[in-house]
Amino acid sequence: MDYQKIINEIYTQVQTEDNKGKVASYIPELKKVNSSKFGINLSTLSSNTFSVGDSNEKFSIQSISKVFSLTLALKLIGEKLWKRVGVEPSGDPFNSLVQLEFERGIPRNPLINSGALVVSDILLSKLKKPKEDFLNFVQKLANNQNISYNSNVVASEKKLGFKNAAHVNLMKSFGNIKNNIDEVLDFYYHMCSLEMTCEELSKTFLIFANGGMLPYTKERVISLSISKRINATIQLCGLYDEAGKFAFKVGLPGKSGVGGGIVAIHPGKYCITVWSPKLNKKGNSSRGVKVLELFTTNTEASIF
Amino acid sequence: MDYQKIINEIYTQVQTEDNKGKVASYIPELKKVNSSKFGINLSTLSSNTFSVGDSNEKFSIQSISKVFSLTLALKLIGEKLWKRVGVEPSGDPFNSLVQLEFERGIPRNPLINSGALVVSDILLSKLKKPKEDFLNFVQKLANNQNISYNSNVVASEKKLGFKNAAHVNLMKSFGNIKNNIDEVLDFYYHMCSLEMTCEELSKTFLIFANGGMLPYTKERVISLSISKRINATIQLCGLYDEAGKFAFKVGLPGKSGVGGGIVAIHPGKYCITVWSPKLNKKGNSSRGVKVLELFTTNTEASIF
Amino acid sequence: MDYQKIINEIYTQVQTEDNKGKVASYIPELKKVNSSKFGINLSTLSSNTFSVGDSNEKFSIQSISKVFSLTLALKLIGEKLWKRVGVEPSGDPFNSLVQLEFERGIPRNPLINSGALVVSDILLSKLKKPKEDFLNFVQKLANNQNISYNSNVVASEKKLGFKNAAHVNLMKSFGNIKNNIDEVLDFYYHMCSLEMTCEELSKTFLIFANGGMLPYTKERVISLSISKRINATIQLCGLYDEAGKFAFKVGLPGKSGVGGGIVAIHPGKYCITVWSPKLNKKGNSSRGVKVLELFTTNTEASIF
Amino acid sequence: MDYQKIINEIYTQVQTEDNKGKVASYIPELKKVNSSKFGINLSTLSSNTFSVGDSNEKFSIQSISKVFSLTLALKLIGEKLWKRVGVEPSGDPFNSLVQLEFERGIPRNPLINSGALVVSDILLSKLKKPKEDFLNFVQKLANNQNISYNSNVVASEKKLGFKNAAHVNLMKSFGNIKNNIDEVLDFYYHMCSLEMTCEELSKTFLIFANGGMLPYTKERVISLSISKRINATIQLCGLYDEAGKFAFKVGLPGKSGVGGGIVAIHPGKYCITVWSPKLNKKGNSSRGVKVLELFTTNTEASIF
């Protein structure tokens, strides 16, 4: 299949359409981005990579980093993780604090904010130098040293992160946060601030298309079983309350971030990343969802 | 792969374990079933079928029928369906009426009771002889005339179906039910009362493993795209608020019913059905979930 | 205090102001009322009565009848009532079905619809000729035979009462409705359809200003303790989710109905009724609330 | 009426009954109290005071202080307060964060924690030396310099006050907290840590029985209208989700604290305070509720 031709055509088609949605505004640093940025990259397990548009420009991956922290936590403590966080879709966003209160501080899954905060807390307890160790882990998955935190984004999130502070305090009141609240938030904001290009992100996710083994070094980082389970979690929980529609229209596990990135995994084949900063009402990149829908329709790709 | 040996071994293993859970009690007719019944069938697209235990005994498929009514409704009215019912996982069961009220009578998805009631209402408006036409449709998917409603189960459900009546009345108050309430409930209870064996159920679901084409007659009943979308909906919504755990542990789209049946689909390959009447706390067959987990672990089957 | 002068002045003032709000539209029969109707009556325990405007025209008292059914139920079964219905304010209206589901079919209080439906069910079990016996009871409280049900309003409510049917079915699913659902709804709609004038309503409520004794015949119908408790319930639950604001601004126990009536009780002194059909967003008569606020401000009347 | 005899008899009766409930445990400092402490005081507008038991021992008044902060805020900014906090009962406790999220950071009323945190924020913006000025205001209402904060209780609450921190962060995310979060919490915990005896508390509340005028100095601190409105708010919101039952059984406006104190107001007559540290499931003093119920039953006191 001529992936380069296919993504070029989709890029051109979507480029001519209205660029709908809004850049994330609650993190001031993210508002500075040029909203017309638009890039696509597809990287295969057979070491091919196809790019179009702004696919080699760094952007803030935000919630996409939750997949890396989950992976590291599962590697470190295994199934015990699921005593402190669930694995079910979260339903409607207005429910977030509702469910957290009703379920006594156990977040619905590790890919929503409250769940990722618990994962951060777990990593804080296990890692010697949490921020350094986590960055090293991501660089290893990426096979790339040129990945780093953005301290301006960290500072910007901290300044206005009252809702995250509400979540972490509520969970601490139920005993589901063990470390100091400010340290948990600081670590969490660092992870969210990671910057990558489309190509880097596709390549970093290839481990999940490859059953838990690094495609570059053949090193097994996580077991096949854990790798599949991470994909299942991404499929059910990766796009917040648009997960059903995404599974329905795109048919691949995908994870989005408010920086405008979305990455999707075709197990056994490739990963594809789109970046376009304007978000739809559900908080997912408008063009990103559109591109992936066209891509899987045109190529008949789907896990279903 | 020697499927017969694998299911035999799993059957033997699970048979020796404690038969946990409770037979559904809110439908008196279902309580009469022998709780030690236990059957497995796997049927492939290549026309092989493998059985063990009570796999040729009829049982009440209950909510599994929601997949057939969804399929027929999509065939009849297509994408318009999604104006009256959503496609997102429903979250916690305690939310059902909450969300229905909050979202002004639009059910979360077509595989929960409220959603299936809307689908029933749609079919009632479109079919000339609703009960007869629906039964014919299922018999066609099954390639089998020996499938019918159980009128005792219908009567039993009607007598105590106050919660379903609450749902349908609430949706009618929001204008999302067009037909007479008693007729909607009567049709809905008939669909739930369908009886099949494990083998019949596996074979009836093969159309979804086969991209929408009947494997026996090669007749295309629904498009490839609709078939994939039904699988996606089943994956995300098929096991109520255990959907995440099921995706995580089993890794295949699956649909359960309170009669103790669960059927799972491996696209391009086969369908596998388990029947065991005792249900776990989430309302899904305890042994059914266990068998499917062992099966996909032992065979490394997974869409992820 | 010159009550006639005070209510005349308030009537004139409010009459000149914009007549805001909307006539209740969900009961077609109620929409037919002339929205400019406006009457006030104050009747004292010392047998004086003061009227202005349309105070001798019959209107549909609707939910105000819930106070009479509560009174009769407490007279018949006493404190046992509180096993089947609570006595706390209901909070926000969007919560109604939420709370009913969460609290397993026990309504928050007897003055919201679900609570009054349980009270209807109790009366149905206790009265020989429920509709006749209830009407006789109200006529006795009113010292007036000229009070009756309006069968057009009953028919109109039945036709579109899907939300009430949802409530009663949900409660039946939890075992908190003992009688046939259609009979409960029929009796409930009859009670809501009672018609009275402002003067009749003030006089019927005098028993609650008089500690449970009929002011005309000196007959004790309920104990002093029950009479006070009914007033407390009216104070906390009488105006749905505007109860707090009403207590705050008016300072007397009051009960409203969607027909546009509101009656307030000054224990030991008098009852005052206002009728004006246009309702505010909380479902209470706009002019009714305004008149009572001016009245208690001008006369410095308040139980606080 | 011989109040001394009445409270003596009630004290003796309740003393012989089982001392049910649990001392508040989430504030370690409060757990140290002797759970058998039990005192009653009634103080009248005619300058009489009647005591029994441990009525002259200081205890932590906790949430009862919310009435003083509300009074001072209304005095300082008047009706503008109601733009930032509601005046309706809060319904069920499990709803607290639900409602706060649903109503976008506007707490239900000023007597629940979230509402009192907003009031603290308002006072912080208006007072020059908040802690000193507030203490002076309470001492003035009490006509007593011997009232102070307990810094051990402040420290103890801060250490484990994660739920309050969750509330204040959530409100800040909606823009309904203007000051620094730590300062708001520090001020709030100081107010909660005030210590008084039963007699001091009764006397401090006499201003609300006296229409807003200090009974000792005849100084008018707040208007008659505001005084009545505070009483109405106390009646509807003073005992959390037991407000309805308290209005029903006791029939007077009352405010409780987790330190085991409850004070009730009989407008125009007196205030009565009970202190007993063991709390019922709703968080109100078990013996306190019992004593007040017996008192108003025996004396036929009630505003209804």
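Per-chain numbering from 1; labels A, B, C and D assigned in written order.
In this text, a contact is a pair of C-beta atoms (placed from the backbone, for glycine too) under 8 Å apart; a residue touches a chain by one contact, two chains touch by 3 or more.
Not measured: the values here are computed from a predicted model.
Among the remaining chains, none touches subunit B as well as subunit C. Here the chain-to-chain distance from subunit B to subunit D, counted in touching steps, is 2. Among the remaining chains, D is positioned farthest from subunit B, on the basis of C-alpha centroids. Each chain gets one centre point, the mean of its Cα atoms, and the points for subunit A and subunit B are 32 Å apart.
Subunit D has its Cα centroid 47 Å from the Cα centroid of subunit A.
If you average the Cα atoms of subunit A and of subunit C, the two centres end up 55 Å apart.
Looking at subunit D, one finds that residues 94, 102 touch two or more other chains.
Listed in rising order, the residues of subunit D touching subunit A in the complex are 94, 96-98, 101-102, 160, 162-163, 165-167, 169-170, 172-173, 181. If you check the complex, the residues on subunit D that touch subunit C are 86-92, 94-95, 99, 102, 108-109, 224-225, 228-229, 231-233, 235-237, 241-245, 247-249, 251, 253, 267, 297, 300, 302-304.
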